[in-house]
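In the two assemblies presented below, chain A is common to both, partnered first by chain B and then by chain C.
Then we have the complex of A and B:
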């Protein structure tokens, strides 16, 4: 059970993740998978300041995350694996064990993207990547908070 | 005499606008505080919004929480410039005091604002 959420959120570690999901789900650890932050100590220190002491925050590159995925899934604590974009999630899913559910938690407006729900904007390419994840067995849904109703990928077309 | 710092209130949703509006209405000082919202922004977009609001000259950024996208954007900005200071946990009393402290440096302004903000938190 341990990793209870695989989330794409371009704000990465922020209130909605730490408090909105972290508190009701009694999260014990968060893994931020980001190749840039994983090698930037200053960024890591900043993110650590935003996380309560009862939640352990880990940083990993995609390769490191894929290598450690099995260990996190065996961790007795509830965990969140967090990534900033669709491509990173796709790379992680190709390298790591299959991910049963992919949560789209916050992907904001950028050129080339269109709004699918108020907190998810996707380009056609990103949508195709998510369709690929779904074709490989992941259930992809948009859901900003645990109290929201999950919206299936097909409804985001 | 050095230029007094402006204040930027950086917060979730409509919180920044509401705080600035009420600080101006109660304190009677207009133009010292600028609201910036993170609504609809990813990290990059929020950084650009904040950079546009910062302009030149000393600034104290008041972020709503000591974590999250607003605080991170503020800390990134402060890392780039020595005339920017960050105070988290913004509240109305600290803003009301800040708008009347024109002669302070950003460092002094931030220190005083943080003190005033803490001072205002009481339980009865």
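Then we have the complex of A and C:
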């Protein structure tokens, strides 16, 4: 069982990811894909403090993540690949193997974005990028926690 | 403590008062930052305006540890840290503060205090254990808030290292283990008392069985969750009370 969740969440590593998804899915590793964090030691130190010792936290640029995607998918542990924004996910999906499901877990208010569900705000451009992902075969849904019902991309229009 | 810090601390007590999905605790953080940014208003009005807007942006962390982030971000504003680096810091801080705060308070301290109160009531110490427990919890919470704000204000953009070197990451897991032990002790004892007719020996044997199970889990770090172990201890207590004359 490889990567079981590809998630976009601008809070990156936080309780909803580590406890909300990590515990019920018995996650063994999380990959945080972010070009800036991947080269920034102090940010990595901060994120590491938010993860229990039994979960391995890796940092990768989009390029590194795409290169290592196949290896993670063969990892015997359950894993989460996490990104902070729609464009990073799009870039990853273009470079890596096809991603079956993309989870929108938390994209919050910024200028130009409108609220689609309480925890997902999207600009028209971001929505178009997600539509592109869906057109290339990924199932895109909004779902903050495993216990909540996944909301299809079409309902976020 | 200067007047600005005191006002910021008081405002932090209501940091979730304007919580919304749009900014989460951002408005509360902005409100708490305002007294700390007053000196910046006098020395650099343009920077102050930008800082005030930034301080009220999206933010989400444990409310009791939000002072660490508040202090660090305000200090970074005075240190003229570039805006993009401030945004990165603001984005990265919720992760450790949320995780450590949840473990320290919700997983560790709250169940520990509740268990102590239950044990005190079950042992017949008196009703005063209830306000004493609440007082103790809130004193700790406020002391942590004061420490957090000072740590943040002292360290600024180096707050990650300051948190890492502090008591917080070292002691937080111990609070969780303390909660395991106390919940394990309290549940069987309270159950024994509530079931009625139990002798003192049965009560304390039940409590000791809970302690033993949970102590073992602490020692061996078993895969059992605290909740499962507590339920197991509770069941042991019921059996013990049932068979003890």
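Couple of notes before you dig in:
Here is the rule we use: the second predicted complex is superposed on the first by the 157 of 157 C-alpha atoms of A that agree within 3 Å, B and C clash if a C-alpha of one lies under 4 Å from a C-alpha of the other, contacts with A are read in each partner's own complex, and residues count from 1 in each chain.
Rule of thumb we're sticking to: contacts are C-beta pairs under 8 Å (C-beta built on N, C-alpha and C of every residue); 3 or more make two chains touch, one makes a residue touch a chain.
Owing to the predicted nature of the structure, the values given are computational and were not obtained by experimental measurement.
Set against each other, chain B and chain C touch different numbers of residues in chain A, with C touching more. In the superposition on chain A, contact is made by A:18 with both chain B and chain C.
Residue contacts after overlaying the shared chain place A:130 against neither chain B nor chain C.
By the touch criterion defined above, A:60 lies against neither chain B nor chain C after alignment on the C-alpha atoms of chain A. In the superposed model, A:108 lies in contact with both chain B and chain C. By the touch criterion stated above, A:40 is placed in contact with chain C alone, chain B being left untouched.
Within the superposed three-chain model, A:96 lies out of touch with both chain B and chain C [touch as defined at top]. Comparing the two complexes, residues 10-15, 18, 42, 46-47, 49-51, 84, 108-110 of chain A contact chain B in one case and chain C in the other.
Only residues 21-24, 58, 60, 88, 91-96, 98-100, 102, 157-158, 160-161, 163-164, 169 of chain C touch chain A when the two sit together in their complex. If you check the complex, the residues on chain A that touch chain B are 10-15, 18, 42, 46-47, 49-51, 84, 106-110. Contact residues of chain B toward chain A in the complex are 12, 40-43, 45, 65-69, 71-72, 75, 79. Interface of chain A with chain C (complex): residues 10-15, 18-19, 36-37, 40, 42-43, 45-47, 49-52, 84, 108-110, 115, 118-119, 121.
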